[in-house]
Amino acid sequence: MMAALLDVRNVSRRFGGLKAIDDVSFRLNEGEIVGLIGSNGAGKTTLVNLVTGHLRPSQGEISFRGQRITGRKPHELASSGLMRTFQIVQPFNALTALDNIAAAAMFAGGARSLSGAREQADAALSSLGIDHCRDHLPARMTLAERKRLELARAWVAKPKLLFLDEVNAGLNTGEIEGVLGMIRKIAAEGVAIVIIEHLMKVVKGLCPQLIVLHRGQLLASGPTDKVARNPSVIAAYLGTRGAAAMLGEER
Amino acid sequence: MQLAQVILNGLLLGGLYAAMAAGFSLVWGVLNIINIAQGSAVVLGSYVAYFAWRYAGLNPLLAVALAGPLLFGAGWVLQRFLIQRVIAAPVLITLVFTFGMDLILNNSMISLFTADYRKIEGVFPTVPLSLGSLTLPVDRLLAAAAGIGAAFALHVYLHKSRLGRAIVAVRMDRQTAELMGVRVEIIYATTFGLGLAMAGVAGCLLAAIFPTSPLNSAYYLHIAFVACVLGGLGSVLGAVAGGLLLGVVESLGALFVGAEYGTTVAAVVLLLMLFTRPQGLLGRAGYE
Amino acid sequence: MTSRGRLAIAIIVIGGLACAGLPLILAGEPYLMRLVTMFSLLLVLAASWNIVGGFTGYPSFATGAFFGLGAYVAAILQAKGVDWRLALVAAGLAGGVLAGPVGYGVLRLRGHYFAVASLMLGTILKELTTGWSDLTGGGMGLTIAGAGGDPEVLASFALRVSLALAVLTVLLGAAIKWSRLGFGLDCIRMNETAAAGIGVDAQKLKTYAFILSSIPSAVAGAVYAGWIGYIDPTDVYDVMWSVKPIVAVLLGGLGTILGPVIGAAIFVALEEIVWRNVLSFSAGGLGVLIVLLLLVLPAGVLPSLVSGKTRS
C-alpha cells in the first residue's frame, strides 16, 4: 500500500486540564482535498497548529511523506513542503507583495538569490491574479488581495500539502469565487489541501472528503456525501438543513 | 551562623523586597512597561523619610503616610502627561524612555542631596528580640511586617475597590474593559501612581534600616526585577512570594558562595527562571 | 550600478579617507582626537547593536557585557605579554564564543524578558570579574601592560584603530542587511511566527545575529582598554555602554545602515557641547535627551528626513 502523504496517529494536546485535541487520527493522500469542519472551539486551528509544528502534541505521532515529523519546527516543515495560511492574515507589513512572496520562495522554496526568488514571486503574483499589487505594501491592499497574497506566499514554496485556515473569512461572494478558483488551480497541480471552512457552500463545491471535529475529537471522516448523512454530524454541527444543503437536496 | 537564622534574615529582607516589587509588578502587568525609574523612586521615598526624620523627628514607618501620597501624585501626573504618549510603543522605546526618566530623577537627587549616605539613627531599640536561639532585629521585623502589610493592602485594594477592580480588568483584557466603559488612561495613570506610591513606601521602610543614597537605585531596581520574575508578573501576591524567595536565596547565596556574589546569585536565579518558567511562581505566561 | 553598490562604495571611500586622513589632520589636537575616538567607539557599539536591536527587532541590553568582556580579555592577555593585535582578535573571539550559547538561550525569550535577561549578562559578568580578583585585579582594576609611552602616539594610534574598526563594523552591518541573513532577520522583526511559517529558522538566524553583533563590541572594549590604559569592572561593565549605543541608533534611525553613524555623531556632539558645561548633571542631560527624542522624533533623524522607502 502506498504510504500516505500525511499520517496523523492518535494525536492529543492538553492545555492544563483541558484536552483541546483528543485522540485524533486521520490520513491524507497526495492530491486530496479535505474539508476540516466543526463548530467554533472544536479544535480545528489547534489541529492545524499541531500538524504544522506551531504546537507540540502531548501524545501521538505525525508522519509526513513517510518521515516522522512530530515535534518538528514550522520552518523545517515549510522547507519540506508543508505550508499553511493563517486565519488572520499575517503579511510582512514593511515588504511589498512581491517581496512578501519572494521571502517564502527564498526560505521555504530554496531560491538561491533574491532575483531568482523575485522571479518566482512574479509568477506567483500572476497565477493568483494580484500582479497589480506587485509593489504595494499590504496596508494598501484590500482584504481579498491580502488573502491571495497569503495564498501566493504559501504556494510559491511548491508545497506538497497546504493548510488553509478560513481563507474566506471576511470576503464577499464574488471574492470567495475568485479564491476558490485559485484553490482549484493549486489543487490541479497535485497539491494536497486541507481547508478549514465554515461556509458549507464552499466545502460542498471544493471538498470530496471531510473531517469533522467536535470538542477536540474526531466525529467522522470520509467522503462528503457519507459524512453529511452521518446522524451524529448532523446533530452536533450541520443540522438537518445544513446537511440537506451539503447534499444538494433542497426541501 | 546557623541555617535557620540565615533563612530568617532572608525572610526579613524579603518583606522589604516584597514592597519594592509589588508596585513594579503592578505597573509591568497592567501598563506593560518596565519602570526603570523604580529604583530611584524608592530612593526618593527614602529621602522623604530621612528628611521627615531629620527636620520633624518623624518615625520612618510613619513617613509612609507622607511618601505614599506624594509619590502617587507624582506618578499619576507623570504617566498621564508624559508616559502615556509612548505607552503603545515597542518594548525598546518604553524601556529606554523610563531609563531616561531614571537618569533625570537619579541625577537630580545627586545634585540636590549629594551621593553621601544618610542614615536614620536612634528610632528603634537596638536590642533585638529573641525567638528561641534566633535573633530578630526590631527595625527589620517592623519594616518587613510593614512591607508585607503594604503589599497585602494593595492586593486587597485591587480586588475589593471599584477602581482596583477596574485596574485588574484592564490588565486582563484592555479592549473589553474599554468597551465596558472603563477609561483606560485614568486607569493607567492611577496604576502608575500606585506603583510609585509603593516604591515610596518601600523607600521609607528601607530608610529605617539602611543608609540612603541615590547610588542604591540600580540595586533596588535589580531586586524589583528579580522578585517580579520569580513571583510572576502583574500579581501582587506573586511579588510578595518572589520578594520573600529572593531574600532567602540571597541570604543563602551569601552563606554558601560569599556575600560579594549576592547579585550574581540573584541574576542567575532570574535567568534560570526566565528559561524554565517565565510566568514565575504565581503569574500567568504571556505578558512579554 | 545599484543604489546599494553606490552606498557601499561611498562607505568604503569616505571611511578609508577618514582612516587615512583624520589622524593626520588632527595630529596635535588631543581634544579633537579624543572626541573622534569616542565617536568611533560609540559607532562600533551602535552599529553592532543595530544588528540585533534594529535589524532583528530584539531589544538587547547586552552590548556592555561584551564590551567589558573584550576589555578584560585583552587586558589580561596583554598583561601576560601577548601582542596587542592578537589581544584584539582574542577579545573578538571571546565575545563570539560567549555569544553563541548565551544567545541561543536568551533569544528564546521575547520582548521585556529578553531585554531583562540581556541586561543580566553584564551584571553577572561584572560580578564574576570583580570576584575573580587573582586574574582580573578585582575591584581594584587592571592596568594595561605597555600602555605607557608617548601620549600623542598612543592617542593617534587609538584613533586609527577605532576609526578602522568603525568602518569595518558599518560595512558588516551593510553586508548583513543586504544578505539572505538580513532578509531573514527583517522577516523575524516584522512577524516571527509568519517568518517561521515560510521557512525561516528564526532561532538560528537570531543567534548568528547575536554572535556577529558581539564581536565588534568586544573588540571595541579591547581598544578602549588599550587606549585608556586602566580598566575596572564598574567602568567597562557600566550599563551606559549598553544604553548609549541604543540612544545613538534611535537618534540616527533604527535598522538603517547610516543611522548609527549619524546618531553617534549627534550624540557625541551633544554630549560635548551641552553637558560638559553642566558637569554634575551630565547624565541627567542624557535623560532629558532621551525623553525629548522619544517624544518628538521616535523614528530618529534619518527616517524622518527620508520618507518611507521600501526595500530597494
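Which chain is which? They are A, B and C, in the order written, and residues in each are numbered from 1.
Following the convention adopted for this analysis, contacts are C-beta pairs under 8 Å (C-beta built on N, C-alpha and C of every residue); 3 or more make two chains touch, one makes a residue touch a chain.
From a predicted model like this one, the values you see are computed outputs, not experimental measurements.
The chains in contact with chain A as well as with chain C do not exist; no chain meets both.
Seen from the Cα centre of chain B, the chain whose own Cα centre is farthest off is A.
Between the Cα centres of chain A and chain C there is a gap of 44 Å. Annotation: 48 Å between the Cα-based centres of chain A and chain B. For this pair, chain B with chain C, the centres built from the Cα atoms lie 32 Å apart. Residue ranges of chain C in contact with chain B, taken from their complex: 53, 57, 59, 61, 105-106, 108-113, 115-117, 120, 123-124, 127-128, 130-131, 239, 243, 246-247, 250, 254, 280-284, 286-291, 294-295, 298. Chain B meets chain C in the complex at residues 28, 32, 34, 82, 85-86, 89-93, 95-97, 99-108, 110-111, 218, 222, 225, 229, 258, 260-261, 263-264, 267-268, 270-271, 274-275, 278, 288. Chain A meets chain C in the complex at residues 52-54, 73-76, 78-79, 83-84, 86, 90-96, 99, 103-104, 106-109, 114, 135, 137, 153-154, 157. Chain C contributes residues 180, 183-184, 186-187, 190-191, 193-202, 310-311 to its touches with chain A in the complex.
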